[in-house]
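Structure first, then comments.
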Amino acid sequence: MTLLCTSVDDAVSGIADGSTVLVGGFGTTGMPFELIYALIRQGARDLTVVSNNAGNGDTGLAALLAAGRVRKIMCSFPRQTDSWVFDELYRGGKIELEVVPQGNLAERMRAAGAGIGGFYTRTGAGTLLAEGKETREIDGRTYVLESPIAADVALISAHTADTLGNLVYRKTARNFNPVMATAATTTVVQVRHVVEPGELDPEAVVTPGIYVDRIVRVPS
Amino acid sequence: MTLLCTSVDDAVSGIADGSTVLVGGFGTTGMPFELIYALIRQGARDLTVVSNNAGNGDTGLAALLAAGRVRKIMCSFPRQTDSWVFDELYRGGKIELEVVPQGNLAERMRAAGAGIGGFYTRTGAGTLLAEGKETREIDGRTYVLESPIAADVALISAHTADTLGNLVYRKTARNFNPVMATAATTTVVQVRHVVEPGELDPEAVVTPGIYVDRIVRVPS
Amino acid sequence: MSAVSPSVVEHTGRGPLGRDEMAQVLARDIPRGAYVNLGIGQPTTVGDHLSPESGVIFHTENGMLGMGPAATGDAIDPDLINAGKFPVTELPGAAYFHHADSFAMMRGGHLDLCVLGAYQVSASGDLANWHTGEPDAIPAVGGAMDLAVGAKQVFVLMSLFTRKGEPKLVSACTYPLTALRCVNRIYTDVAVFEITGGDQVLVRETWGISFDELRTRLDVPLAAATP
Amino acid sequence: MSAVSPSVVEHTGRGPLGRDEMAQVLARDIPRGAYVNLGIGQPTTVGDHLSPESGVIFHTENGMLGMGPAATGDAIDPDLINAGKFPVTELPGAAYFHHADSFAMMRGGHLDLCVLGAYQVSASGDLANWHTGEPDAIPAVGGAMDLAVGAKQVFVLMSLFTRKGEPKLVSACTYPLTALRCVNRIYTDVAVFEITGGDQVLVRETWGISFDELRTRLDVPLAAATP
């Protein structure tokens, strides 16, 4: 059952210290800013965060890093022109980094959501990022065994939800949000609009409500 | 590049004897009947067919089986009240059957389309359908290694295509069609309507045109 | 700790439940708002005993959440069927998806509950429901193995005895298995069982048979459930 | 067999190509109607040299096919960006999808071509473009490894020599690898190369340098390509 929350603070309640938290978005597009600020207020620490980037500027995920709440980050592209918060923490040895090829990041979360125990991919074979990982020759090519990334919580953003939790997104703000919704025990979504069941086109729903635990509307 | 064909016979041209052919549909819903009849006229034989069922009544896939063109069928649910064509061929030793759990059928085709060399699933562990397959304990549970199902051709149906090959489906006629579109070297689609690029909602496209090689409109 | 003692509710004054009553008893135990998949055949009838007010949302593995009741008359749409290939309807808030997404949902542990028929269930929860094992049988598994391993809870709906009087709740299945240790509860015409993973199968309720008589007819260690 | 002999087109009368000219030379070789992913940085500029009439359809790994040119002014939409996180536009016939679907498309071999920058490429087509290997560098791979193994063809766009004059087409990469044996062609400021998987790298065209001089400056066996 999907719960419609009246505040972002309600929406992030109960997130425990030490949780693994998926944070949607690609750069700042599709990032659930208001949920991240609520998580900062909520106070959970020692978090492992999975997100494509390691924060931009001083906002959103960067603010969570700056608040000292993140022990480890798993991402594909930490280094950016505006990733100074992460850069300083990393160079100071204050945050652990696991660089994951972007496709593996997405597929490993999909695996967690889909009950796949592990999968073989060519991505990374023969590179530093496959060091120590099991490999297998399949049809003459080398594949690397990758494991699911399951999380305690996903914080994502969408464009519109119905009250059953069905979600649609807008343009490239979709990005990691739908796959993250499938991979977490508790999925929390900030949306710009909430409508009644029947108002979304059933053919166009991207995330069915079964994946959504809490919704909160934020001003757009 | 997607080719708009003027006849179903053009659409199935060049399918070679011995091909592996994915056939969309769940029962008769979403089944590409006209493409199957064109394939019968085209004459390719010794086919391996992958489809959820093994034909219903005397139409569609059942007609292809009755024409003696299919050497082997991979499906999840061959036995139905109206599967008499298959039943007789099978009992007469005239067709090979590989029963695949429905989720493995879908996931193995997805793997082929997604570049996954193999994956571990709990489905089938400890059963006849996993006999002889590699298994692995992951977090205390037994998983079975399953391999991709890649095909030469997919024959599928959709509701509407634009001329770039973007597809939308209708209700549960969607079923296996989108995943089959990703798993074949050549994907052939019969549609009820063809529209210009820009007429489909980009947020609601289910199969992007990159997966579609040939489109043909059939009367609805 | 609860002070409630284990006990079996025995409805001995009446005969075994009819097929419709069995479905009704099971439906009563489906939590409000649950996401549920009903297997083909008798399990499908459980839906007839759940009102819209239950908030239960039905999944059908051929690609839909928010499936409504069977379609009749003009509402029949050949593009809208359930897993048993019968015409159904769409409720407000429905969503369609393709087969790979549908089975990812099932296998990823997102469905709260599935209801399946069975040839046999073992005391440890092994399920046999896809293949008689007879040499001339044509095997057909459909989505049963995926549901059995994937749903958070698996409820079986079946008669407790075959027409020949052989029990279908057994110490070990003799039919080919669907999945190991997956069944949580068994709803039958004469009793409701809980499988706990321990040595004993728990009995919650009986109809037309006493708990003691049930014990004599099954080769499985039974105990009373805590209500 | 074709009767055309191997030969190198030498544009010795002029200097090396500028960055824009390099992109133009590469763009000329993209087949009509191809599905193409342009890597971030210089590869993105290749799009400026392809007209809508080319039928080329651009993929961006953050979830879109049918990406149009950069957005400016009122057309800028924060929800519509490319892989380099710059605002872009949508063309008629576009489609959006999520990251797992986008990378399934890339890794499953559906893109006809990707264009990537590089630190080094080896004679056998090994690519190094994600990590300098310096101890204080923060590694960031993005989608480079997925594109390199997944696209049907990989074109590299880079200057042939570093600022210090060291060749970037090498017998074996010294930088950390992105993927093994994945590059098909290299478009540089002074020459275009084809990697065939054989012992020799083929040269198609040179600018401001002769084929003979190129041979002396690279520690890689070169041969003339068949035009």
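Order as written gives the chain letters A, B, C and D; numbering starts at 1 within each chain.
Throughout what follows, a residue touches a chain if its C-beta (ideal position, glycine included) is under 8 Å from a C-beta of that chain, and two chains touch if they have at least 3 such contacts.
Model, not experiment: these values are computed from the prediction.
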Starting at chain A, fewest touch steps before arriving at chain B: 1
Pair joined by the larger number of C-beta contacts - B-C, A-C: B-C
Farthest-lying chain, centroid of Cα atoms versus that of chain C: D
Averaged-CA centre spacing for the pair chain D and chain A, given as whole angstrom: 30
Interchain centroid distance [CA atoms averaged], chain B/chain D, Å: 35
Multi-chain contact sites of chain B, meaning residues that touch two or more partners: 107, 110, 114-116, 121-122, 169-171, 203, 206
Multi-chain contact residues (two or more partners), chain C: 90, 96-97, 103-104, 106-107, 149-150
Interchain pairs in contact, sorted by label: A-B, A-C, A-D, B-C, B-D
In the complex, chain A residues that touch chain D: 26-30, 52, 76-80, 87, 90-91, 97, 99-107, 109-110, 121-129, 142, 169-179, 206
Contact footprint of chain B on chain A as seen in their complex: 107, 111, 114-122, 136, 138-139, 141, 143, 168-171, 201-204, 206
Touching residues (chain side chain B, partner chain D) in the complex: 1, 110, 112-116, 162-164, 166, 182, 196-198, 200, 202-203, 205, 208-211
Footprint of chain B on chain D - complex, ascending: 32-35, 55, 57, 59, 65-66, 90-97, 103-111, 149-150
Residue ranges of chain D touching chain A (in the complex, touch as defined): 60-64, 77-81, 85, 90, 96-100, 102-104, 106-107, 131, 136, 138-146, 149-150, 176-180
